[in-house]
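Next up: the structures, one after another.
Shared between the two complexes below is chain A, which has chain B as its partner in the first and chain C in the second.
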Partner chain A sequence: MKKILTVTLALAAVGWAQGAMAPITGSNEVGFSTVPATAGATQIITVPYVACLSENAEVMLADLVSTNGLVSHASDPSNADQLIVMVDISGDLRYYYYWLQSDVGWTGVETSVMHPDGTTSSVTPTAANAFAVARGKGFWLKRAATGGNAVYVKGEVSGTTPVTPAITTGLNLVGYGTAAAVNINDVTWSGANGGNGNTKTSDAIMVVESDGSLSHYYYFTAPDGWPAAYQELNGKWIKEDYSVANVTVPAGQGFWYLRRSAN
Partner chain B sequence: MKKFLGLTFVVTLFAAVSAQAVVIHWAVSCPNPEEGVSAQLVYVATGQPPTYTATGTPPIPGNGANIGAVVSGLAVSPAGIGRQSSVDTETRTQGSYYIVLFNSDKSQFKYSTESLAYSDTDAITREILAPATGTFDPACGFTAWANVPEPGSLALLALGMATLALRRKKRV
Partner chain C sequence: MKKSISLLTMLLIGMTSVAAGLSQLTLSISTQGADYYADGTPVLVGERYLLVYVNQGATFAGIKADGTLVDPEANKIVTDARAVEGAKCGFKAIQYPPEMYPAGGSFLIVLLDTRDNAGAVGGLVAQLGTSAAAQAAAGDSTALPAIQVASTSGGVPALVTDTISARPAVVAKPVITSIKGQGESVEIKVGNVSADALYEVQSSSDLSAGSWIPAAGGTRLQLLTAGGDEVPATLTVPAGDKVRFFRVVVPNSK
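Moving on, here comes the complex of A and B:
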């Protein structure tokens, strides 16, 4: 009888304590996106998320792509998925290569670079777990031939949108910083350069297709006095035949942005 | 054995690279082109200008090959022909690319006085990791309009030549 009373009292105490405790709540929302990436092909990936539980903190390359769906190998980089990141070293654009080593993770590959004077030097990539990648920046994923056709990017959904990645003159690897597929003509592009109406002078977006080819789209601003057919294209991304581009980029997929020059 | 493996790797790599298609970027930044003008990128193995022996849709050069589709319509804007990306699936080890313009009924042509070498790395790209940022653009540098020979006149010319040759043979 005494024992039953003790147990009842203990349960009542726990119930009271639980009732008195403030619930733990948070605004953190974890994001997980599927990105199409065909086996044996190369795709541009961008991560629309920030580091978990650390809003505005830099995300490290090693943490960006989920291991789910990726192909690793114990010793052969050519049979494993690879990450390729473009870096600007004193104005010189180069690639850092990483491969997914079994039980190790993303491992840097030392590469050799030939200079204009014929000399060579080796490039050692920054460790993937120390390589910060800003939201909206892109990098390449080269799939192993034995891989599937999708990979997953993960992180925490950012509370601050939109993202404004710095785009410099020349080639940039970028992406749209939200966790949703986006039509390039539904985005507000402030500062995009439409040139003089000839797309040779315009900013360009290049999207990787599933067959590994690049599709080119150009930003168009119609000069005054041009026929009405061109005025309808004003402020839009267009195809090479000067028709409106209807292109939806999946969440997590990036693209090349070729910046001609500032407006 | 090690040397063999190394050689195999190099050969495999070369085969992989050489089998890749190339993308040639070109444009014509010549303002106010004539109405109805269309354009075609052409490859010529000798590097010499393209020649036409018969009409077609589009006309096919006798000494080369058409690369990509004919460009017309809105792409021929008041500021010239916008930037194009034409894919050449053949592996080239020599020769040049020319831009050929055709009049509205494709009975006349003119070609760029400047050509693009097959080995150019500014306007031609082989891989998506390093897309070309340049453009082959001869601006307004084109020859005068010339007639594309029609099949009928070609047949007459051939008949005339054959008759001439036969008469010479008889004299001998």
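Moving on, here comes the complex of A and C:
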């Protein structure tokens, strides 16, 4: 009986010791983000994650966009979901097209490049499983006419901050490279051009809505002497009617940034 | 807590940056099918489609039998694509500088009927059909243009080769150089032919009536597939024919 009591006491001691031990947290976090992507329409996707178990390496395109819920086809790219990526190749803008081929995955399609001298060349996309996409890079998802209304991007949450080139004058396909939704007015946009009070002269953000339409928002800098109501809008993103834009861009969704000035 | 981002360094944001507007635009083309030839046959695999740009304010003037444009000043052939299984235009993606095909003009897809006398694609253009026009994008467009011609329009096939191609500007008059009867068929040869024109043998049983109809086996004759400098044709004549006359015409005369 004494032996049993000893064992019992030992077990109790162990249980007490276990109750006091702190949990062990894993070394990484992974996740997925849902981006609205209407069937038959086009959405802008961005990269909020890095590759899993990669020490913050860029994720491969084939690994980033989950094929769950997407439309594939055995042979016809026009009847499948597509990814279209703008790529800078030695200073030239080129388009990489990929389509979701049944039982194969993201498959590249050659793009014909028309040159002003009448000649034609071609661009062959890097294989999707070898195409590293930088965190925050924006690209298109073109939905087939059939299928669901959402796309999932996935990967590992990064603990580092990537440094990226400046936004230049003109159109930029951008994204917020973290695994969190962003309200554009919760960000301090140092250097944004607010124009002269006219939305036609200010920087603009264009976001694809869940129905596939494009909404425009403008950065506002209140001109001197304008009424107080406009001063309250200073430094905010607004809509065309001069109301404050309350728009949250889901993690994984990108948008256009139109920069009006090089300043 | 408000996050801070500098536009100059753009921490946490990556991008593909381009100059004012876009230096290159993209466009993809395809058709849903099935597309048809005028005789009701579904388009054959390998048949040719054209993407044509029409200048602002201009109209599409058509295609000649040799595949060139009737009006190369106002129309431009951007690229071509091929029919795939399902009697439809296979997917094709292009990119171009915006000033090459400026906004204000339009694009359309043209289906060609290049079947020769034997029914194989790859010959001269006998007929063509066009899609509805799609406006060309501007350089500052944020859209992703795609021309995807539907399978039907108002309940009928959307793309049918219902227009005869234009003949070359100058075509010498063809001449039948020989005729030989072979039972229920007649073999003829046509000379003085041009490489970029289509020829058709017509027959009649009564010269005074002036009623000529295409002779079976004598349509879409062309040097392209015949080789040499004469075009042969084996014509089927009606059983019991006592007399029959033949002539050669350029059917796509305008």
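As a convention for this text, the second predicted complex is superposed on the first by the 222 of 263 C-alpha atoms of A that agree within 3 Å, B and C clash if a C-alpha of one lies under 4 Å from a C-alpha of the other, contacts with A are read in each partner's own complex, and residues count from 1 in each chain.
Going forward, contacts are C-beta pairs under 8 Å (C-beta built on N, C-alpha and C of every residue); 3 or more make two chains touch, one makes a residue touch a chain.
On a predicted model such as this, the values are computed, not experimentally measured, just so you know.
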Partners on chain A (chain B, chain C) - clash or fit: clash
Touched partner set for A:Tyr152, first chain B, second chain C, both or neither: neither
Touching partner for A:Lys200 - first (chain B), second (chain C), both, neither: first
Chain B versus chain C as contact partner of A:Asp186, first or second or both or neither: second
Superposition-derived comparison: chain B or chain C, residues of chain A touched: C
Which superposed partner A:Tyr218 touches (first chain B, second chain C, both, neither): first
First, second, both or neither for A:Trp256, with chain B first and chain C second: both
Which superposed partner A:Ala134 touches (first chain B, second chain C, both, neither): second
Touched partner set for A:Ala229, first chain B, second chain C, both or neither: first
Chain B versus chain C as contact partner of A:Met114, first or second or both or neither: second
Superposition clash, chain B against chain C - the stretch among 19-27, 91-99, 127-135 or 145-153 that is involved: 127-135
Shared contact residues on chain A - chain B and chain C: 42, 84, 95, 140, 170-171, 206, 214, 256
Chain C residues touching chain A - in the complex, by the definition given at the top: 2-24, 26, 28, 30, 32, 78-79, 84-86, 90-97, 99-100, 140, 142-144, 146, 148
Chain C-facing residues of chain A, complex: 42, 46-47, 75-78, 84-88, 92-95, 97, 99, 109-114, 116, 120, 123, 134-140, 142, 161-178, 182, 186-192, 206, 214, 256-257, 259
Sites on chain A touched by chain B in the complex: 42, 84, 95, 140, 170-171, 196-202, 204, 206, 208, 212-214, 216, 218, 223, 226-227, 229-230, 240-243, 256, 258
In the complex with chain A, residue positions of chain B that touch it: 23, 27, 29, 71, 73-75, 77-85, 87, 128-129, 131, 133, 135, 137
